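Letters A, B, C and D name the chains as they come in the text, with residue numbers starting at 1 for each one.
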Amino acid sequence: MARLVESSYGKCDVRLTKVVRAGERHTLIELTVQVMLGGAFDRVYTDGDNSSCIPTDTMKNTVYALARTHQFDSPEVFAAILADHFLRFAQVVWAEVDVEEVPWVRIQAGGQPHPHAFTRGGQGIRACRVRAARGAPARTWAGVRGLEVIKTTRSGFAGFHKDRYTTLGETTDRIFATSVDAVWEYSPSPASFTPAFDAARLCLMETFARHDSASVQQTIFAIGGALLERLAEISWVRISMPNQHRLPVNLQPFDMDNPNEIFVATSEPYGLITGTLARD
Amino acid sequence: MARLVESSYGKCDVRLTKVVRAGERHTLIELTVQVMLGGAFDRVYTDGDNSSCIPTDTMKNTVYALARTHQFDSPEVFAAILADHFLRFAQVVWAEVDVEEVPWVRIQAGGQPHPHAFTRGGQGIRACRVRAARGAPARTWAGVRGLEVIKTTRSGFAGFHKDRYTTLGETTDRIFATSVDAVWEYSPSPASFTPAFDAARLCLMETFARHDSASVQQTIFAIGGALLERLAEISWVRISMPNQHRLPVNLQPFDMDNPNEIFVATSEPYGLITGTLARD
Amino acid sequence: MARLVESSYGKCDVRLTKVVRAGERHTLIELTVQVMLGGAFDRVYTDGDNSSCIPTDTMKNTVYALARTHQFDSPEVFAAILADHFLRFAQVVWAEVDVEEVPWVRIQAGGQPHPHAFTRGGQGIRACRVRAARGAPARTWAGVRGLEVIKTTRSGFAGFHKDRYTTLGETTDRIFATSVDAVWEYSPSPASFTPAFDAARLCLMETFARHDSASVQQTIFAIGGALLERLAEISWVRISMPNQHRLPVNLQPFDMDNPNEIFVATSEPYGLITGTLARD
Amino acid sequence: MARLVESSYGKCDVRLTKVVRAGERHTLIELTVQVMLGGAFDRVYTDGDNSSCIPTDTMKNTVYALARTHQFDSPEVFAAILADHFLRFAQVVWAEVDVEEVPWVRIQAGGQPHPHAFTRGGQGIRACRVRAARGAPARTWAGVRGLEVIKTTRSGFAGFHKDRYTTLGETTDRIFATSVDAVWEYSPSPASFTPAFDAARLCLMETFARHDSASVQQTIFAIGGALLERLAEISWVRISMPNQHRLPVNLQPFDMDNPNEIFVATSEPYGLITGTLARD
């Protein structure tokens, strides 16, 4: 006989647009929301008894309704509003709300930020998760996904382990390109989430730029350390970096040298390096 | 001060093609391999000391070299060969190898399976993972990803919880479309992995087709139970199903009825239902 | 001063699901429809005068309404129904309707095709376009997209042009992998579109399998010629084939030979070869 | 008998990275290049005679070699270098080179643009095409792809054509979100391509922001007109805009109003509007 040992369900890719008007100046908030619930739902699975089941369609409606009734100035606050809401259902033991923000920035028109027109900015996707569970304080994670960065020097990889299958040459000057995923936990929460996020992302990019990297691993440690030092509210941070290789092209067949100038970018295979840092 | 509390690294998207020839008849194996390692790599992160670091480039080379020196008739066997190999390094504490197989099937030419020409089949992607860790037996997971299935009746959703944000109507006859992700652990391993996988995937699809579904949750439980009953080697299974909604179109504005005939398929938002079943 | 020299507009990605019931046996039709119109719409652009503008939302509604009121057994027939409809508007000079079909096949349950459960098959996406224009007969194109095929021998590439930048070696035995896009025009239309499409796709795959290929180009010519020979209704065919390279891995650094057995699949860069054939 | 009536072939997704060093300050150029050729290649298709066939692998090598031997400060210049090169082959009748640029911008570190670290910016992908054909002057197209913009007011859609399938309501205040693709031809070429591109993109965004839009069509006309006015070197421009709908959410079931504040973003179906403008 089979036994249900774990379950969860929810609604994904709920795309919310909210426009807040202050006279001529509009604030545009675009979020993609995911709600996942765990709790006393076993009979839905085992007996087709849906009486405890909150439809995912209701979750979607709730996202739009609570966006109307609540003010919020950050994804983290809205995620907490939603997580708190769903935890009020008796059958819910935990509610996990993920929110990603579309990175709109104001169009510069005539050198001025436009009051109601926006374009998509870079620097990755801001994301957060709030988990509310019965009998425990809510937890808040924040982070950035797909923050693409590249540096053209001050990166090397040498002195590594060699075996019979090693062909990689050592280098003290290579290109380092990656798309950073980082997630950290706030404990306690910062006074305001958006300045904290902005400071974290800036710290991450500055450390990437300035670090003399002996390996992707070492850069992860440098960035993680800088984040923990910069923001007292971060209790730990997990960083994941693909190594998006730029390989020097061999131009010798064409009687040319290649003074670290011409590279081929490859998307596969790629290295993947992860590390989690906490306060000592 | 920051402390490294977890780390891992490896190579992803290593795309291997192997052709095995038996006279005119060729067997084509196309795999995408990922190798991740954990172990005594802290000084790589903290001190830029790469002496323990096995380059991910070496991992890639190793995939190709071991594909040449070893015979294997399933992704699981090749994953185990690789995991065993990497666990032999003193600094490696665990090695996790993920393999996905490209689903080539022989082209039917003149009504006969062709000896060396193939086309891509459906029914999802076969995937597996082998994790070898020091001082413990290796573990083997198998599964299928993106197995797209749909049924046009024998599915309903009624009797669910209602609250002030519920607008969903009850239905006893809806379309049920999903893309199944399932992963299970073999313990012990089957005599042969490919027949076990084929039996599991067939069981999954047959159960989906035949089950009278009161909810996605109930179908997950039915499929998981069938898998555990059908294959004694499966100790547990985790199933994840997005609810790829097909919504009846309101044709009343055009003075038409819609006798459960015309639907719009939507990709967002979508429900997501997961469940893990084990033997009782 | 600026002048509008060309314009068109329409609705894309209209996802239609239609279920046709014959007792217990259901037929499932899933189509993605695109409608594009050209005509007397200049004042919409130049003067903000929308009086001639058929909203794209109306196009969407029309797809669902006409799917309800019409029977059709092929994407081509439905595309023609829609194109004819839109051409009846006085301001429309041409209407182009593209339809792609989701390749559902019946689940085999207990060795029998199931009456109402389906899984996604392979062999590419069936697509068609009907263009209706005032004062001219409608034209019908059909084709297949993303038909992935691979052969492990009977393919070579030798005797090619060399210059100072050529490093590619000649080969008489390589892997040939591609994802075929083919489109052809019917003139006149076949008695029934689905058997014609099935015959064309089978002919395409059989010719790919059997042809001794001196180049991707030559295979395109062989397939195109076979299609024109096999189906009298096809007046011309355009074939596009990326060369999805499989490169032999150099195993010499590991003291291994590679008897055409181990390859790396690369996704970039890739060759792209196109050719259009017509009757002589 | 079949006849080859059109053909072309080439190499796609050639990813080039070039680093130009001026002391500590590095310039990073990342381009994705596509080369397509037409010419006297019929016997490659019809007879398997490859003697005229320039391998696509050679094209790839040529991209890297010419990147080494030539200086260029814009994608357009590099595309012209490549197109000219390939047109020198006797069998080539035309060469078309497409180049897309990865939009790296310098990381701001300590408030200063960093000399060798970059992050990916927004504002779409800069693209160009140069077509060199025997006996005719080369042509140069430039443009931007995927430039995502949104405005929260000053957009409406009213007074449109109604028929029995129209349900869309009129509105004078809606959200207008799109991802602009624009391509224009330079004739003659500007003195410098990069300032021309930057001015065109800025003009496009400013016009989008400032225009009071009665329809996507009218905005296209406004933008196209502004581009032709702003840049004398542009002879025509083609603009394509998906209408990425933001639909007001009906909150009445929850006893709430929705004062144009809460919207759902949908990705399918979507309107698509195109227009080409030339000088009068």
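Please note the rule applied: contacts are C-beta pairs under 8 Å (C-beta built on N, C-alpha and C of every residue); 3 or more make two chains touch, one makes a residue touch a chain.
Keep in mind the model is a prediction, meaning the values are calculated, not measured.
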Most distant chain from chain A, judged by the mean position of its C-alpha atoms: C
Residue-number overlap at the chain A/chain B interface, same or different (half cut): same
A-C against A-D, pair bridged by the larger set of C-beta contacts: A-D
Intercentroid distance (Cα basis), chain C paired with chain A, Å: 37
Rounded Å distance, chain A centre to chain B centre (Cα mean): 24
Separation of mean Cα positions, chain D and chain A [Å, integer]: 28
Sites on chain A at which at least two other chains make contact: 15, 61, 65, 165, 167, 253-254, 266-268
Touching residues (chain side chain B, partner chain C) in the complex: 15-20, 26, 28, 30, 61, 64-65, 67-69, 103-105, 107-110, 114, 116-123, 147-154, 175, 202, 205-206, 208-210, 246, 249, 251, 253-254, 256, 258, 260-266
Residues of chain D defined as touching chain B within the complex: 164-165, 167, 253-254, 266-268
Residues of chain A that touch chain B when the two form their complex: 1-15, 34, 36, 41, 44-58, 60-62, 65, 89, 91, 157-163, 165-168, 214-218, 220-221, 224-225, 228-229, 236, 238, 242-243, 267-280
